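Quick heads-up: structures coming right below.
Two complexes are shown next, each including subunit A; its partner changes from subunit B in the first to subunit C in the second.
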Partner chain A sequence: MSNLLDLLVAGLATGAIYALVAVGFTLLWQTSQTINFAQGEFVMLPAFLMLAVMHAGAPFWLAIILGILLSLLLLGLGFKLLLVDPMLRHGVLPLAIATMALAIGMKEAVKQFFSAEASPFPSIVPAGDVWVLGRVVSLQSLGVLALAIAVVIGLTALLNRTSIGHQMQATAQNPTVARIIGVPVERMILLTFLINAFLVALASLLITPIYLAKFSSGEVLGQAAFIAAIVGGFNQVRGAIAGGLLIGVVDNLAAAYVSTQYRAAVPLILLIVIILFRPQGLLGRPEERTV
Partner chain B sequence: MRSRIFAGLLLATVSAATAFAQGAPIKLADVAELSGGGATVGNNWKNGIDLAIEEINAKGGVLGRKLEVTHADSQSNPGVARAQVQKALDNEPYVLLGPGYSGSVKVTSPLAAEAGITQIMGGEAAELTQGGNKFLFRTSFGQQSSMPKVAKYINDELKAKSVAIVWVNNDFGKGGRDVISKEFAKYNIKVAADLSTEAGQADFAADVSKIKAAAPDAVFIYLNEEESARILKELKRQAVAAPLVGETTLVGQKVVELAGDAANGARGHVGLTTDAPVDLVKAFREKFVKKYNYVPDHNGLKGYLAIYMVKATTEKMGKVDPKKFADTLHGLTIKAASEPGILMDVTFDEKGDIDRQGFLVEIVEGKQVVKQVLPKLN
Partner chain C sequence: MTAAGKYWRIAIGVAVIAALIIVPMNFNRYGLFILSQWAVMTIAAMGLNLTLGYAGQVSLAQGAFVGIGAYAAAIMTTQGMPLIAALGVAIVLCFAIGWILGYPALRVQHHYLAFVTLAFSTLAFLVFRNEDWLTKGIYGISNIPRPNVLGFATSRPLPFYYFCLGSLGVVSLAMWWLIRSPWGRAFVALRENPVRALSLGIDTRRYTLMAFAIGSALGGVAGTLYAPLTQYIDPVPFNLSLSLDLLMMVIVGGSGFFFGPLLGAMIAVLLPEWLRFTQGYYLMLYAVAVMLLLIYSPSGILGILDRYLTERRTKVASALRAVTKSRLETAP
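== the complex of A and B ==
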């Protein structure tokens, strides 16, 4: 039982990070039909941007701020203007392939300009332990979980309780009608790209102290988040959140109770089962697009 | 008149050919893990090689000829390593250097043996030198030499009655796990948990939970550098108090750099360490840090030693002869007094394994501290 609690906390902490990345997947899909196969590399890059700022002599807090701003610029604005907009008019598939190429380009560029070796990355959550239900739980796990949940709640509030959120929902559901009723559709789409860039930068900040900064670290994250988004429901933010948490927990429980060797297969099996019996995902809705 | 011209041309041609033969560089080929999971291994190895070659060439080379090396990237992938080695052998190098991963050595060593080219590598899996390959040489201890020392330490010093073994599921990890399991059996040490992990694994939360549940007296960790750092961080996060013991990688410089405070207290046996209380090793470390601006791990030493093995063996032969190189190196003892680049006295046996002094170290405040020097056997 105590072991199970450890596994659940660790799984939820990792799953919360998957959820942040998966939410980005769904947002981009909903507003611009972009399936971003470079999403994992989008998580990898901000850590290196922050490291570059630190190498220039800046303190960690300043590196975080500049790293997030650079991410908004490169992974939000730059991604939309330089890749999505020119490619989307040729269809969803060419764009998806272009994001695959982007993923390779980003990995190789980081390898070229930084190193192929892993680098340490500081944690924003201090080291230490707290007692939860009679068990020692690391402050880092709880901190990661709390921060990720806070961001998800904030995002949900933005989407459901603000005018901007409603305009984004309208853009996702029917951009033509949204445009007729005066919603600035292009601005809303750009906003989702910026939100995605913010989410991946935050995920990078949280996961890199654990996974280490490495050019290839996005491969695992991208795959996990993609599976999470499909399992939870690609057309619902809440689905992506649930999918992320579920994949994080299932991965840890599979490693502990099934087999370490087959741990990577279990989320994929879950994915297959979901596609067979509930193609819209656990919380998704058929034939509906909403953020 | 015509015969004089002919004689003159012949003389000029012979002279030019002789000069070319004397002055042409000795070509070495290196295939290493310059990217992928083993990038730490390969880049340290490469830098060690380059440093040694620079030193030797600055002093006039080997038998008056400069050394020249080409580096190829195996991407830490045995399949790529095999292709790169084949390509390197097609250029007929004097000696093949690398790879560092045992799995890559396993698939490339038959190619080098078939070509009759000596291969000096960094792999540590026990089986590599057990197959009768006469062209394969180590730069560090094989697992069959190092694991008994680790098991003895866990039994004698830690008095552990049960251990958890965490190993990486590749040739290196499986080889180490098999050897140390047998050693634990000799001491009646119970294996409380036997955990296989994957190369490149990022999340060790579940593995560490299993270790906690097994409550062993000690944890033996046998992973590559990056994974070692990740599991040390997770062990600290989950407050595992049992002593953490490893062999070479666990207490390497890169692991200390990546794991930070979490590496403190980790201990293990190392065949090579830049913290060794040996003056020549200290001098090597200073030169390396001056050139590359970081402290190398044991792989930097391995690459450096590989080049001085080439130099010492060639000078022993008195000629550059790739076909006789392996025969000469078998049974050869290279003394640091006569060849300072070899850093410590070393003897190569008929299998290509080495005999050299080793060290038991512990990480204290982010630094390797040598606790015990284990002398050369012969």
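== the complex of A and C ==
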């Protein structure tokens, strides 16, 4: 029982990070029909940007700020202007395939220019344990959970409570009508790309201390984010959050109660079951089928 | 198409086939291995082209289907069974798995097949790695025998290359026939305009599913050749990156074009050998090149060629029209 509680806390902590990545993923899909197969690599890269800044002699806090700024520039603005904008007119699938090529390119670039080995990464939450309700809980798990929840709450507030958020939602739901009623659609789409870049940079900052910085670490993360987004509901931000938390918990429970060999299979089977029985996801609304 | 154009095409085809048969005769072992690999990967890419180019679906599991075929061949032939039996098992297995995977995914939106196949790719890799009793896990299966085809032993590299090339020929002919059959026309119809295809009475979902299942089965066919080619298999070659590589091959060559996979596989398999001097940067440059190509022409290299030819043909046609028109006007 006590073991179960630990697993739940650890699961929620990783799940909250998955949720950040999955939210960015669904935002891109909603506002610009971009299925970003490089989303995992987007999480991998900021950690290396920060490491590069630190290697140049900067302190950790400066590296974080510069890393986030660089991700906004590269993964937000650059990604939109250089790949998505020219590709979008070709349709959803060519763009999705282009992001797969981008994923390969990013992985190889990091492997070549940085290192093929895993590098340690400092944690922004100090290591140690705290007593919560008479139990020992890792401070890192709690810190990650708290930060991720704060970001998710902030984002939800931005989307639901502010004018910009409403304009973004309008852009996502119906760009034509949004444009007619005076929403600066282009700017809102750019904003979602920047938000996505911010979310992946943050996720990178939170998850890399746990799994180390490695060029290939995006594969697992990207897959977890897709699964979270689909299980929760591809067209809903809250669905992505719920899906992320669920996948995190399921992943941790599977590691403990299913064989370690087939741990990775459990979320995949969950994905297939969801697509079979509730294709719009747990919290999603049904979309018209196009096939 | 004009008759002269048709003869030109046939002449080029015959020349390419003759070159593929004659040129490699004095190749060394490694050169033949690479060429055989090209033939095998082309078969897998042709299957994927049916799914992607003709039915408009992204499959990220073609590498896993190659793996299933390869393991079927490795397990059965090391037990003394003939390769043809393994081929049958691989085709049936991959077709059935493709059908089962595609069925739920195609109920929803088109990109769902990409997600389901992505998940399946990872699942298949886990099974290859973990089921030691069947696949010998990470140690892999070695000493996979090469078959006797029509009484000829193919254990040496050159005969085996001819065996791969012959298989590629058979698959190409079957594909050529399939695309020109009513089925193939239905595949194209549902890629070009699914709503219209549906209104013409084509059961789009069933045809899409069929294209995906046949494409997957061709992945299995490629796998049954891959195992005797390398004579040793372990799970690593069949991970997600093989599926992505195959996808890139189809895209680069030109998805939806019959010769796209042949060209794409040639670029993906042979180019790294020629670009050795770029060392580790090769894949990175390749990825960038693929992105640039996709921006310029989403239908690949053959797409560029096709656009050029169409433009020229329209120019010729409009010139002819202008000539006829002026003649009509000047005619008394």
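A few remarks follow.
Simple rule for what comes next: the second predicted complex is superposed on the first by the 287 of 291 C-alpha atoms of A that agree within 3 Å, B and C clash if a C-alpha of one lies under 4 Å from a C-alpha of the other, contacts with A are read in each partner's own complex, and residues count from 1 in each chain.
Quick note on the criterion: contacts are C-beta pairs under 8 Å (C-beta built on N, C-alpha and C of every residue); 3 or more make two chains touch, one makes a residue touch a chain.
Just so it is clear, the model here is predicted, and its values are computed rather than measured.
Superposition of the two structures on subunit A leaves subunit B and subunit C fitting side by side, clash-free.
Of the two partner chains placed around the shared chain by superposition, subunit B and subunit C are both touched by A:Lys111. By the touch criterion defined above, A:Ala148 reaches neither subunit B nor subunit C.
Contacts of A:Ala96 after superposition: subunit C is touched, whereas subunit B is not reached. Legend: residue contacts after superposition of the two complexes on their common chain; A:Gln261 is shown touching both subunit B and subunit C. By the touch criterion stated above, A:Val250 is placed in contact with neither subunit B nor subunit C. Once chain A of one complex is fitted onto chain A of the other, the partner contacts of A:Ala22 are absent, as it touches neither subunit B nor subunit C. Judged by the touch definition given at the top, the superposed model places A:Ile272 against subunit C, while subunit B stays out of reach.
Working from the superposition on chain A, the subunit A vertex angle toward subunit B and subunit C, CA centres, sits at 70° in steps of 10.
In the superposition on chain A, A:Pro120 makes contact with subunit B only, while subunit C stays out of contact range.
With both structures placed on the common chain, the touch criterion links A:Thr14 to subunit B but leaves subunit C unconnected. Between subunit B and subunit C the least C-alpha distance in the superposed model amounts to 5 Å.
The interface of subunit A with subunit B overlaps its interface with subunit C at residues 111, 261, 264.
Across the complex, subunit C meets subunit A through its residues 56-58, 104-112, 114-116, 118-120, 122-123, 126, 129-130, 194, 204-205, 208, 240-241, 244, 247-248, 251, 280-281, 283-284, 286-288, 290-291, 294-295, 298.
Chain contact summary for the complex, subunit B toward subunit A: residues 34-36, 39-40, 43, 169, 195-198, 200, 202-203, 205-207, 209-210, 212-213, 226, 229-230, 233-234, 236-239, 254, 257-261. For subunit A in complex with subunit B, the residues that touch the partner chain are 3, 6-7, 10-11, 14, 111, 115-120, 127, 129, 136, 138, 140-141, 209-212, 214, 216-217, 220, 251-256, 260-261, 263-264. Residues 35, 83, 86-87, 90-94, 96-98, 100-102, 104-105, 108-109, 111-112, 219, 223, 226-227, 230, 261-262, 264-265, 268-269, 271-272, 275-276, 279-280, 287, 289-291 of subunit A are the ones that touch subunit C when the two sit in their complex.
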